[in-house]
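All chains are identified by letter, namely A, B and C, in their written order; residue positions are counted from 1 within each chain.
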Amino acid sequence: MNHLLEVTDLRKEYPLQSGLLGAVMGSRRVVHAVNGVSFVLDEGGSLGLAGESGCGKTTTAKLILKLLHPTAGSIRFAGRDVAGLDGSDLLSYRRQAQFIFQNPYEALNPRFTILRSLLEPLIIHEIGRSIAERVERVAGALDRVHLNPPETFFLKYPHQLSGGQLQRVVIARALLVDPVLLVADEPVSMLDVSIRAGVLNLMRDLSRERKLTTLYISHDLALIRYMCSVTAVMYLGTICEIGPTEEVIEHPRHPYTQALVSAVPDPDPTRPRRPVEIADTVPTPFQLPAGCPFADRCPQVMEVCRHLRPLLLPVDGGVRVACHLYPGSTPRAAEGDGAKLEPN
Amino acid sequence: MSLLEIDTLAVQYHTLHGAVQAVRGVTLSIERGRAVGLVGESGCGKTTLARALIGVLPRNAAIAGGRVRFDGADLLQLSGDALNDYRWRRIAMIPQAAMDSLDPVYRVGDQLVETMRLRGGLTSPQARERAERLFALVGLAPGRLRLYPHELSGGMKQRVVIAMALALEPQLVIADEPVTALDVIVQHQVLRTLRELQETLQLSLLLITHDISVVADLCDDVVVMYAGRIVEAGSVREVFAAPHHPYTMGLRNAFPSLRARSARLVPIEGYPPDLASPPAGCAFAPRCPFAIERCWHDDPALLPTTGGRLAACHRAAEADALRTQAPQAFARLEATGPQSVRSGAPPAGGTL
Amino acid sequence: MSSSERAAALPQWTRATSTWRDALLVTWAVARRDRFALAGLVIYGVLLVVALAAPVVAPYNPQDLNYRPDGEVAADEVPSLPHWLGTTNLGRDIFSQVLFGARAALVVGFVAAFGVVVLGTLVGLFAGYYSGWVDTLLMRLADVAFGIPFLPMAIVLVAFLGPSIWNTVLVMILLLWRDTGRVIRAQVLSLRTRSYVEAARVLGASHLRTMFVHIAPNVLPLSFLYGSLAVGWAILTEATISFLGFGDPNVISWGFMLQDAYNSQAMARHAFYWFVPPGLCIMLAVMAGFFIGRGYEELLFPRLRRR
């Protein structure tokens, strides 16, 4: 198996505007949006990044797509460092990695017709010899996302379409350049329940058909269970658990994953509830605890958790967990902090 | 007698494109001490309905007909002080994004005390004492009363808002998407608190949400709205175990479950109708795999089916048979594509 | 639809993909929904026709001295059939001067507004898109421009560069871009983080392409708003400069006419026919600019609209 995407100890910090007082005191406060994330994604694989708002999952996606520059760490795509790409190399990376946005109402230029929006990638990458050929390709792309007949959508503006239709157009646009990696950030969270399944099925079918490698980012574990074979749970900028989706959801090991899984409401009212016993205070990413980021809320917190950050280390079932409850996670003296070991 | 009785309530919005019939004849009653979940997609009229109940509709909206009786009094006939008396002291509302409505320049405790003094006529010491009890009730330490909104997390702010809604001991609390902006774990905890309070204080609760799982988790009864109408109502256990309306049947397979490995999901093809020109027949017919000739021109009424349940479907009597076919039938509709659906023409030959 | 049918429909689809055409459509939409904006457009329309047709319509050359049948210079004539608005103290036909004045107003107003829109939009796009030192540099320049007292500086510059109508226009562009630049920058800052702009980057669009193809059409209506206001400002400023005597002596403008009238004590002689028409014209032209601006504003910020 080839690693298509290798993310190693990725970090992204934002300086915090601390105002006059901060300037006088000389303090530099920093938000650690992504704080040492490592994972690999195999060709044709599907990884779900789960976590709550502010855990750094969207920042991770934008770093991978080179919409942001990492503070430290590396992202390698097909063996090449993404940060160093420019010129024609960058253009070719742009063709290979595509992004599905969370808000379909904002992802298309409001002043472009659908046809114009879909011609854009073809113009940029000089795909198709004539305008007629490009229009053919656009029609084909709309057909593939089940917007039929395609011509009826050509001259529509985004505000004339529903959310579900817009997200299909966004998917069509991403597929026009024949990418190998597709990153989707909460692709259905803005859509109504009854039409979510259509968009999810479409993405699942298309990525199987074209053997795409996919990275889904969502707060919704159920969605990730449906779409992904591997799940990583993020908390405050770090991965606290990663492994085969079934294992992570059926037998969560990290106390945070356990809380997250049992907090998800279930559409079956007869199923008994497992209570969640953790505090509802969320530490902000600029006051990171010295030890485990989850220590303040953890119901099973131990003394060691307060001052030693656990490493993401393998336990059983192909799962890696960053938690001192699992003896492998306690770093030996020689090792520094951060999850240096390569997962999976 | 029920605490709240809504009878064929209709609400219209006047827009540049003509009148939009957001709520089209809703009949619903809420018993004392029950938690009722009102679910539906965006634009189905659930928020409009809630706002109509307490008379806080936007300026371009108007009640076009129907009655609302609360504890015997006709709410729509009240105005001024009498309405305010109901609005704050007997019916409390937790609006969408309520936690952002806390005033950032006052301590949350002062805001709570002020509400009780102005609306409830309590003296300051009385109000202070009650504020502490309310905070304890919603699971906040009394020390938090002295904090400003920005010093509280989202979940805590939402608890403050709940305390505020409960301050004047209402009989009915209407909560509109009370936890939407919060994280899953915090959502769960806030909703638990709300439910526990509803039970201990014997309140009636009308919980409005797009998330059917939240209703399943929290409520006694469920009311499903679609395109301005109620399509199905009944106890949560029964409706989720055996839905009588094709829309509710469709929803069951439309989103993934965390607890069980899902087979392929089945969407409900198509989109809700434009309520500026509502269809003559059943509003769900274009998306319904079970639509028959009659559905296209005859809008079904919300009628009792079995077990004290209500459904608005011409084929409700066949519900048990339809339910077993539902996954395949909706899947067939997905395969034939939305073309036939979008055209809005009745499909030939009744059932697909 | 088969591919041959698509080929036949192609011109129709590609025509509709032009994004800059939208700007004109927006203007039309503004005029259709707002009576004041429509009035403004009508005033500009009349102004344009008058300016173009001035040489044909004007009964006299505005610079020519006119003579009475007896050979005397027809100075200070009151309105009559041959001279509808009378003549100046030197015997020039006032009606013809008013007609020709439309040309100066139009040239100054529109060229200056065009320059302001182009310069301001460019500055705003670059400052907002690149942020960092580009933003700092351009915005400090805008601060400097804001610090300069507009009218005195305009007069000094025109006097320094020489009194010509093009110098007047240049000076106005150099001094008026600041408002447009600031506002466009703010707008670009908020647009830059929109998903569709990020989408353009992910699709591989270069920085310039992102700026001009994806962001610019979305700030254009705002540029137009400031452009239509700039038309009014420019006409007013030109009139002021000319009235104060720093204008181009070879160009008949309404400001120049007012100065002419003022210097020859037309006001004292109650020669309303001389100073009222150019004054009225200035007022109408300036008002038209603001009316259109107001219409744009209501379209862009619907909350301003009265219910």
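Criterion: a residue touches a chain if its C-beta (ideal position, glycine included) is under 8 Å from a C-beta of that chain, and two chains touch if they have at least 3 such contacts.
According to UniProt, the chain labels map to these proteins: A, B = ABC transporter ATP-binding protein; C = ABC transporter permease.
Predicted model only: the values in this text are computed from it and were never measured.
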Quiz item: Looking only at which chains touch which, which shape fits best: line, ring, star, complete or other?
Solution: line
Quiz item: Which chain's C-alpha centroid is most distant from that of chain B?
Solution: C
Exercise. Mind checking the centre-to-centre distance between chain A and chain B? Centres are C-alpha means, answer in whole Å.
Key: 31
Self-check item: Intercentroid distance (Cα basis), chain C (ABC transporter permease) paired with chain A, Å
Solution: 49
Quiz item: When the C-alpha atoms of chain B and chain C (ABC transporter permease) are each averaged to a single point, how far apart are the two points in Å?
Solution: 54
Quiz item: Which residues belonging to chain A are in contact with no fewer than two other chains?
Solution: 149
Quiz prompt | Complex contact set, residues of chain A against chain B | solution = 52-53, 146, 148-149, 162, 164, 192-201, 219, 221-223, 225-226, 246, 249, 259-261, 263-271, 273, 276, 278, 280-282
Self-check item: Complex interface listing, chain B residues touching chain A
Solution: 41-42, 153, 155-156, 183-191, 210-214, 216-218, 236-237, 240-241, 247, 250-259, 261-262, 264-269, 271, 287, 334, 337-339
Exercise. Can you check the complex and tell me which residues of chain C (ABC transporter permease) touch chain A?
Key: 1, 3, 6-7, 9-10, 13-14, 16-17, 19, 22, 194-196, 198-205, 209, 213-214, 217-218
Exercise. Note which residues of chain A are touching chain C (ABC transporter permease) in the complex, please.
Key: 62, 65, 67, 90-91, 94-95, 97-99, 101-103, 106-113, 115-116, 119-121, 124-125, 131-132, 135-136, 139, 149-151, 154-155, 170, 173, 177
